[in-house]
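Letters A, B, C and D mark the chains in the order given here, with residues in each chain numbered from 1 onward.
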């Protein structure tokens, strides 16, 4: 399974992508395509559940890429019917080993009034206590996934239909979640009250689609209708879309990192292409942190739009100083005569003839552990660059995310333990500058920057201000930001 | 096996990459890395042969990517020794079916004085007659590959050592070839007298490496020493490099399309990075064919450097109007409710929010059949572009290549049957312009453009002037350019 | 997956084999060996669960043979610990499709006081109503297996330890069952009050083993201690074996077909080798149904011991008139010029030179549908036999089994629709005779034959007298034997 | 790949089976079935070559069983046409490693007048010198197989058609061989002048078949016509069979071990079923070596017919004292608490309840190294047998075979280093007796036993009298039997 980004191991990782359709022939084929377009949100495994009036519910769950698992007739023929949902996911700690296929969503439950399946993007912050309570009452968990709580809560609800049971269940759940679910005939979409994770609605022929991002609507030829609203539940049948707001109203806090890195550049967020927002981020970064140089080079591929923006704003020529290997993937066996930085060479090569003697601005989307930034700097200097200036398209990542993003523990985050100057010295570059939090807010369209009293986004990874209390993590000893910090 | 380029099926394809090392521990691991860096030159199959004084010659040949076949300890442990060569290849017509693994190089022959293996990049233009003669004399061919002639000619040579037998054999061979070969102790590299295909020498620790391109020297940490000269044979042992010139001298005619498309942008050709040359091509293209527009967008990924050059020269902003799916690969099953241009959607998505209402210049490296150019144009117009202008970083491709490149038959080449205006109308774009042949020569460093009496490159695919007579093809009815054309 | 018997598709099939060990290093390796020896009881899939104080519970479930799934270090290393249980199974109707791996036992549940796994041989005759009740109360079933009811009943029990919860659960269950279960430290074995399915106890080094048959004790080098008694529950720790009798006492009704066909000939049942019992059956058959002939030939391999017994009793020479292909397995593609009875030829070949002109007695274990008996008769006659006499080592199979054996629907059983003479004519043989039910009882050691008022065995498949009411089947319309029949 | 016989590692092994058909639709499907029936003659790999007037020659070669490789439509569709040949083989020393698929027959050569393929059963005793000569003349060998010499000799022959080239080639070859070959339209069969290895002719619909044994004719529904004669070449087209005798006439020396072990019991050799011959061997053995005992038990499965014969002659009851596991195959991981003789337990189990206290005669087909005989004796004694008497259905195997049978080096043959009494003590049994060479000749139909001046069979493995000088082996230091021995 080759990763999508050369330095996946030193990136924050979105943990899930979700997709569902109703009212079309061969729903599974559409779901497979949609998940393929969302593969960047979860590369480890994927699953599809469908329903057909003759064949009932069917599902397939596999490790690996959508393109490797859901493209054969042999598999897809086992997934008939006009309604289906799917899920792609990253692995997270604690799910290694022989039983992990059980952790692959969608989860399915047979209730007294019929079956339902759900796929979940996000993280339930009170999952540990919910799970404990459910086991004591006789529920048998099949996975180590927090998301399984939802289906057990639904099984035990006294409501008479599945959407009502789902409301019941989700009202007990805390945290950030976007959910796509299905019964035999209904496609259901929900976002948590803060709307932390994305979910969009599309019109697909005579039917409908729900997706984490609009890029997956494009691949199936669906028309983008609108974003599901924070706190909204939509219940979709072949006849149309019903909208409910079952939760207590709250101010929206969408994840700002979706703009920076998670979403695909061709998706639309807030009415604008993510690519343009990232170009804007590059422009803001150039305004805030100018420097004299000969070339602006992206760290491929995630730094590319911001590097283009930086070049456009600064007038310094944009160039591909680092070339990514199109065929990266496996770990090769290192020869006895060891090769310096072999891991990086497998992924990238510096354009030596271009870089030699130049002052180079390197634009990257973020610094997490800093390990790959150091290696890239070394390659650039080995190739004979005169100066190296890092410009980062996000503020320092100093706090872990508890809302569905795989982040290292806080002490592993470079920005949690060092000042900007210390980071610059640690990386050994001529300068290192991050965009400011206000600059980032301006780039995403908040002309006045961040309102500290009511921020428009969840920016906990930068600010340490968590809009939902991470209850399970506090139980495990996590320390929130203090007044002094 | 996902392809490297989204439109591999509508590109000219380099058919091979070759790599060899001597004088290092674990030669096979270096060869695997080198082949990985050359994967863009041949994605269908790869093979490695090594020699060890205890284990003798060993080989492995596999369909698929280097990263999937030559990264496991199980395989690599079967390939011990300090000397080895490898080959990656595309398939060509006529080799489909169950026996095709026999066509995967390197080829190996056991001679009276010991074994030898060879890997060949290029095409032997008199292979059919050589093969016929050899079979009549009792040679048994194991493959459908023309390259196998070389090893049979070597087997029948009366010379007493293998390099001499190889000279004997190659003097009988016509066409374009770069060869990497090995005996138990010697690594041998040869280029044909015109030097049509590339081959470079590197210093790797205490040993040496030969490679199609310098990017493969970079990945193994080898220092680029020089290009092998046209008509040169180098015989390399752990002690050093001997140089011979066994062929009649001739004027160099290096393949100009290596600059346009085949070579990797981070390789060095003629002392300059291929990336810079392509940026130059874009600049020349902008000078020759300016147009008013809002955005310059590459057709990813091969059009990117020329698009950057076009933007720099023209001052029109560069933007990623088309986003490539990082996970492309398999063919998905199309739903019954068919999706318009599904094949293209799997590979690319238009950045709709960016393109809408804009006048867009699309820069691509070449037009072969024109099928994908049409589809891309449709996607761009569907997304609401106001105008679409194609700019092509090479002259019209009007003639097939017979020197180791997979080209459609002449009548399938769009430029063989249409004028530039006819092509524009066929593609349905607002304008279509190609760089001139002189412009291309200037971009690769020939300040005066092309010298028609003695061109510095092989440009037969554009000019129809073939520097070596394609004997076998003429036998099969191919018509050369007439004086009238 | 080649079948064990050439005519598995026309046999009654035991649906499961179970095995467990405690108090040994590498429990999983012993379990794998034990399951391998029990493979004839279930060839479709197998699973192993183990517990280790460091690694917790681990499991692996796979389709296919034990030897193909549980022999690699890669798999077995994921199964550490000193206690483990395993299960092999046949598929049954209704479990086809993508989710069926979920039906592979052992089943596992995490309870408030810790985890438990169970493996079940038999059939729960009130499973449908139990399942309905459990779903209404909020249990989520993961499989289509009736056995899963047990673990949900355990999850909902109010008892404080797992053996007590298991008693609770099994008291609600009707039908035939032998169960092997485990907690972190305890190995548990149970047989239903009638003791329909087998279960034996062995001493393995310092630990213990439970197994469906003694042949699996032999393979791991365990000493056969005794059979678990009908209605007994044993709770085994490293310290020893505790015995309980939680159910209301009942008269034993062991499955008589285990003697005829299911159990391996080297297993011990009732103190005697199954092989000898089958030889006895052959002797009884010869006494009851003598005929003049030249040769006694078994239908391989299941008819062999009875054929030997028939030969010994009758004095007619025993010979291998039908040779079984050792490599049978897949379905070959039939040529256009069709081959008569190709399916049978793949499995068997008649020893033509031996059979020609002879009067042949063919001994088989049972007649189910009769389809293969006809084909074998044809092959024997094609080879030139003078006469064919069928002798069957069991009474006519006229009723389906509902206690863990895969039987065709009643109307597919030849003996349910025809008299013995009609069957003879249908099969087209010179004579056809079955052993009498009394003869069978004598052969298994009941000197007086069957006591109609209190039969010592379950013989429902022959007699239609079901010792446990098949509640779910009656709900589905099955008709019990009437007084008139 | 599970072996056919439980103790393949301690048996002489036939190295090949060959099969061919002409004049039928879908030749490959018939060849696959024929090879399946010959699988016991070669379990490691198999290959099929066919010819079709449209598709030309096609081939597939695979490691593993016929049933696993040649049963899918995907593979068989690549093998069209009305003529085809096939081969199954054992591996032999020296062919391990990555290139060994090249050693899998049939071999194919493209000659000036068209292609031909050959499949060879036997061994060329002057292969080393032929190979050396061919390489010096410029032939390139693709395999390590001696059989490849034949195709190179054919390629260099000056004859104008392929059957004549084949005669030319085979006249240069020494040793034992049966060959099946094909051109585009002709099926060719040849046996060496002594007729050491078998080959039979069958009529298959409107076409013909050639096969190593008659059992493969049975499976495809072909009628057995006759054996190919020693020294005969048949050239078969759709029109009929031409017979030639290209070699100098010689007295037939058919391999006597085919009767003892290699051939399948349902094949016909010399007009009688192999099963009956083996039963005869058992009877002779009983006459020559009677002993008082309670049971005659075969070592399964190869000892079975002789054990039945021994029982019939002696009147001592026949019984299955040793039960073979139907699912044997892989090597299981041995637990830390090691299991005594685990290797044997995986394959066999003693019928303990039957054997206890009995005097047992064990009948086996041969003793090679003696390693498994010892283990079986131990298992029988562990089970409580009172006495163990070994009776062997062949004379002591004291000499290696050089005619296409895989034999250990002479010093590894138990009978090469010990007398019968020493072997008895070494094995630790109460008695050990072999059939005499005369007895064996009588059993196969030579009423007067062996004629020492002109033996009717090749019995070199027992007598050390080699009918063809093993030239290559003498070069490697093998010592022939001296007058004194």
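Remarks
Assume a residue touches a chain if its C-beta (ideal position, glycine included) is under 8 Å from a C-beta of that chain, and two chains touch if they have at least 3 such contacts.
All of these numbers come straight from a predicted model, not from anything done at the bench.
The chains that touch both chain A and chain B are none; no such chain exists. Put simply, the chain farthest from chain C by mean CA position is B. For this pair, chain B with chain D, the centres built from the Cα atoms lie 51 Å apart. Centres computed as Cα averages put chain C at a distance of 37 Å from chain D.
Separating the centre of chain B from that of chain C, both taken as means of CA atoms, is a distance of 63 Å.
Not a single residue in chain B touches at least two other chains. Across the whole structure, chains are in contact as follows: A-B, A-C, B-D, C-D. The residues of chain D lying in touch with chain C in their complex are 2, 4-5, 24-26, 29-30, 32-33, 36-37, 39-40, 65-68, 70-71, 73, 76, 205, 215, 218-221, 264-266, 268, 271-273, 275-276, 279, 301, 304-305, 308, 312, 317-320, 323, 325-337, 339-340, 342, 345-346, 349-354. Residue ranges of chain D in contact with chain B, taken from their complex: 58-60, 75, 78-79, 97-99, 109-112, 135-142, 151-152, 155-156.
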